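I've put the structures underneath this note.
The two complexes that follow have chain A in common; it is paired with chain B in the first and with chain C in the second.
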Partner chain A sequence: MIEILATGALSTVQDLGREGSLRFGVGTSGAMDDLALAIGNILLGNDCNAAAIEVPILPFKMLFLEDTDFALTGADCGARLDNREIPPWWCLHASKGQVLTLGIPQSDARAYVALAGGLDVAEVLGSRSTQMRGNFGGFEGRPLKKGDRLQTVARTPGATPRSAISAHGFGVRPPAFGLPLHAASEDGVTATAVRVLPAGEYDSYTDASLEQFWLARWQVTPQSDRYGYRLAGPVLAAKHVIEKRSHGIVPGVIQVPQSGQPIIQLRDAQPSGGYPKIGTVIEADIWRLGQTRIGESIRFLKTSYQEAVAAQEEKQRYLAQLSLAVQMQRMANS
Partner chain B sequence: MNNDELRELIGLMEAGDLHVLELKRPDFKVRLEIANETRNGLPWQACNVAEAIDAPGTATSYAASATTVVTAPHFGIFSTRHPARQEAFVEEAQQVACGDTLGVLRINEIYVPVLSPVAGSLHRLVDDEVLVGYATPLFEIGAA
Partner chain C sequence: MTKSLSVNTRTPENEPVVAQDGTVQQMNVSMLGTRAILFEAPGLMDIHHQRRIWSMAQRFSSWPDVSEAVPGMTNLMLAFRQPPADIAGLFAALHEAWERAEELQVEGRQIELPVVYGGEGGPHLGDVVAHTGLSIDEIVHLHAAPLYTVYALGSHPGYCYLGGMDTRIATPRRKVPVVRLPGGSVSIGGAQTGVSASSGPSGWSTIGRTEMIFFDPSKVQPATLSPGDLIRFRIDKVIK
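== the complex of A and B ==
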């Protein structure tokens, strides 16, 4: 069990998301950086879908109320276990009474704290993710606050022991190295690159707007959160007025409201909307958005359905290989 | 295992520039160490031991008398900088505390930490991005 000693707003319990309920009007929720969540769980020998804490606004502080292994993935936030510095993308053992402190990240947007066994909150519609729109799931359907105490899932016989990692732990290479994706930029300014499939109303935009869509660096505005990112850049104009009835949408959809400034719908997006859709960020790249900060820029790279499927397969392969390497390391460590 | 086999192993160690070799079999265990190398197996635990023995604040005196060589706890690509960071864990001539992370060894996608077994002033022996073998001397830590 752990106790939250300090947290910014909007730290939540998340797993990989609540799939299969969009038809009931229930959004997916789930970790904004699903890869970081999965890797935290892999480091601990957990199921990839085990629930962990997503920490978007730092600092964050928690107390270990029992001995347990834990993992820290996502943004590098100068973490400390008591006074000892912990490298990013790392797992190690904490003793009862130790305090984990996350500081301000120098880059990236979200850190994940996973515990051996995974967090034990009730599953709702097959997921432990916090559903912010409906105030259910996760921990009491709300963001975590000071004084909250969270349990880990009780061990089943034969499960990975809670304390299998030596005190100094080990880490993995951040996935940006194993799954690199770079957008060329003439002036050396870096932008998060994501691959995008043209969506339903793509052909309704002017040629000039479509050219801008693929060329521009889109800035993430302060009106961006788990619901979606509002972007700033060139104004996208349609050839004619597009009026649509509300229809189903999924995380990753890029809508264009009247302003001509796109919105990328994300994990807590509502499951339907009426704005025209110019594109969809492929599933395999949504984690890259999850680590893009307000003020940073995004580039859209045009891709095809086949490439999108291949990218998802590559991501699964990467996780499978990482899992194998971690298992060997855990065996050597124990 | 007989003397000839041991001699052969030592020859192989010298030819391969290996400093320490451990061989475990169900019925025996052999550990060969070429002289002048100190292996610091479990520095983190060692720190805890040092703290338990010495009164607070005197743990540094443990290392005051001699230079400690920190060797690689694993083979791998050595670096004093985590790839997600701009700054290195440590810089040459820096004062380090017992248990500080001095660097990492990368084995494919896995990182194994190199920790300081003592407090003192740091002198690095290996450049970043060099592939090192098990027990390769990586740092010398002099009296604080």
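== the complex of A and C ==
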């Protein structure tokens, strides 16, 4: 069990998301950086989909109320276990009474704290993710606050022993090294590159707007959160006014309201909408958005269906290889 | 320029299909990334077309690779467990399914919702007046007159998209979505209307307020209402 000692307003319990309830109006939720959540779980020998804490606003502080292994992935935020510094993408054993503190990250947007066994919150409609709009799932259907106590799932007898981690712990390289994606930058200003497939109304935009869409650096505005990223850049103009009938959408869909400023729908997005869709950020790249901060920029790289499928397969292979390497490390330690 | 993954099936030129919502809608199939396909039915946004969408949803939800078939307003989104291999084959299957789809008859329940129109609970009633040129009373009476059918659920847990609104009060979606709107908000978006089931962002114009519990996540069937159910709005009060 752990206790939250300090947290920003939007730390939530998340797993990889909730599928299969879209037709009841229930969006997917789930970790904004699904790779970081999965890797945290892999480091601990958990199921990839086990629930962990997503921490978007730091600092964050929690107390271990019992001995347990934990992993820290996502943003590098100068974490400390009591006074000991912990590298990012690392797992370690914590003893009862120790305090984990996350600081302000130098880059990236979200850190993930996973615990051995995963967080023991009830599964609602097939997931432990917090459904913010419906106020269910996660921990009491709401963001975490000071004083909350969270249990971990008890392992069944005979399963992997709890600590397969040496005194120093061990870690992995951040996925940005293993799955690099760069956008050309003429002036040295970096932007998060994500691959995009054209969507239903792509051809309804003027040629000039489509050119701008692929060339511009889109700034993430302060009105961006788990629901979606509202971007600022050149105004995108459709050839005629488009008023769609409401239809299902998925995270990654880039809508363009009449303001001409795109919105990327993300994990807490509603499962339906009517604004025209110019493209969809591919599933394999959504984690990159999850680590893009307000004020930073995004570039859209045009891709094909085949390339998008291959990118997702590459991501799965990357996780499988990492999982194998971690298993060997854990065996060596135990 | 590469074409988007989209197929338009044009209707014969001598038969322009003008939809109830004022748009000319053609059959369209498009990809939403790699694990979802959107099928948009041709023609009117009416109950006959919607019943065919329900029938298609029933049929495709039993396909092994389909994790979920999600009806929208005369459209259907299919979500897949894995990216489908044969996109062209799926597009063709959706076209064929539409042509063959019979209307699915649903015995819906009927509920009545008292609405306070205007005032604090209906902050955009003035925008609808400005857009339509109608008076508040005319808008309220046109809105409360029909017996609405739940066409589909979406937007947020338990939210119902309703069919049957009088197009004289149709109002385009807002240029910039409102960041937070309370639950129970009765809104108009394009030629559609509905009631928000919980507080959250919305691109629609809110004209009134009602109270109802639309969703209970602990139930196997978590949404109170289903496609085919009927709603009538009763004018509780009009605040000008």
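General observations
The working rule: the second predicted complex is superposed on the first by the 334 of 334 C-alpha atoms of A that agree within 3 Å, B and C clash if a C-alpha of one lies under 4 Å from a C-alpha of the other, contacts with A are read in each partner's own complex, and residues count from 1 in each chain.
Here is the rule we go by: a contact is a pair of C-beta atoms (placed from the backbone, for glycine too) under 8 Å apart; a residue touches a chain by one contact, two chains touch by 3 or more.
Please read these numbers as outputs of a predicted model, since none were measured by experiment.
When the two complexes are overlaid on chain A, chain B and chain C sit side by side with no clash. Once the two complexes are overlaid on the shared chain, A:Q258 sits against chain C while remaining clear of chain B.
In the superposition on chain A, A:I57 contacts neither chain B nor chain C. When the two complexes are overlaid on their common chain A, residue A:M1 makes contact with neither chain B nor chain C.
Once chain A of one complex is fitted onto chain A of the other, the partner contacts of A:A232 are absent, as it touches neither chain B nor chain C. Of the two partner chains placed around the shared chain by superposition, chain B is the only one that A:P87 touches, whereas chain C remains out of contact. When the two complexes are overlaid, the chain among chain B and chain C that reaches more residues of chain A is C.
Once chain A of one complex is fitted onto chain A of the other, the partner contacts of A:P271 are limited to chain C, with no touch recorded for chain B.
Of note, the Cα-centre angle with chain A at its vertex and chain B and chain C at its ends comes out at 170 degrees, rounded to the nearest 10.
Taking the two complexes aligned on chain A, the least Cα distance separating chain B from chain C is 27 Å.
Contact residues on chain A toward chain B in their complex (touch as defined above): 76, 84-85, 87-90, 106-107, 166-174, 177-178, 321-322, 325-326, 329.
Touching chain C in their complex are the following residues of chain A: 19-27, 124-125, 131, 133-137, 197-200, 202-203, 207, 210, 223, 227, 241, 243-250, 252-253, 257-259, 263, 270-275, 277, 280-283, 302, 304-305, 308-309, 312.
Contact residues on chain B toward chain A in their complex (touch as defined above): 42-45, 82-86, 89, 99-101, 104, 106-113, 115.
Looking at the complex, you find that chain C touches chain A at residues 1-6, 21-23, 25, 28, 30-36, 38, 40, 45, 57, 67-77, 79, 83, 87, 152-159, 161, 172-177, 179, 189-190, 192, 197-198, 200-201, 203, 215, 217-218, 222-223.
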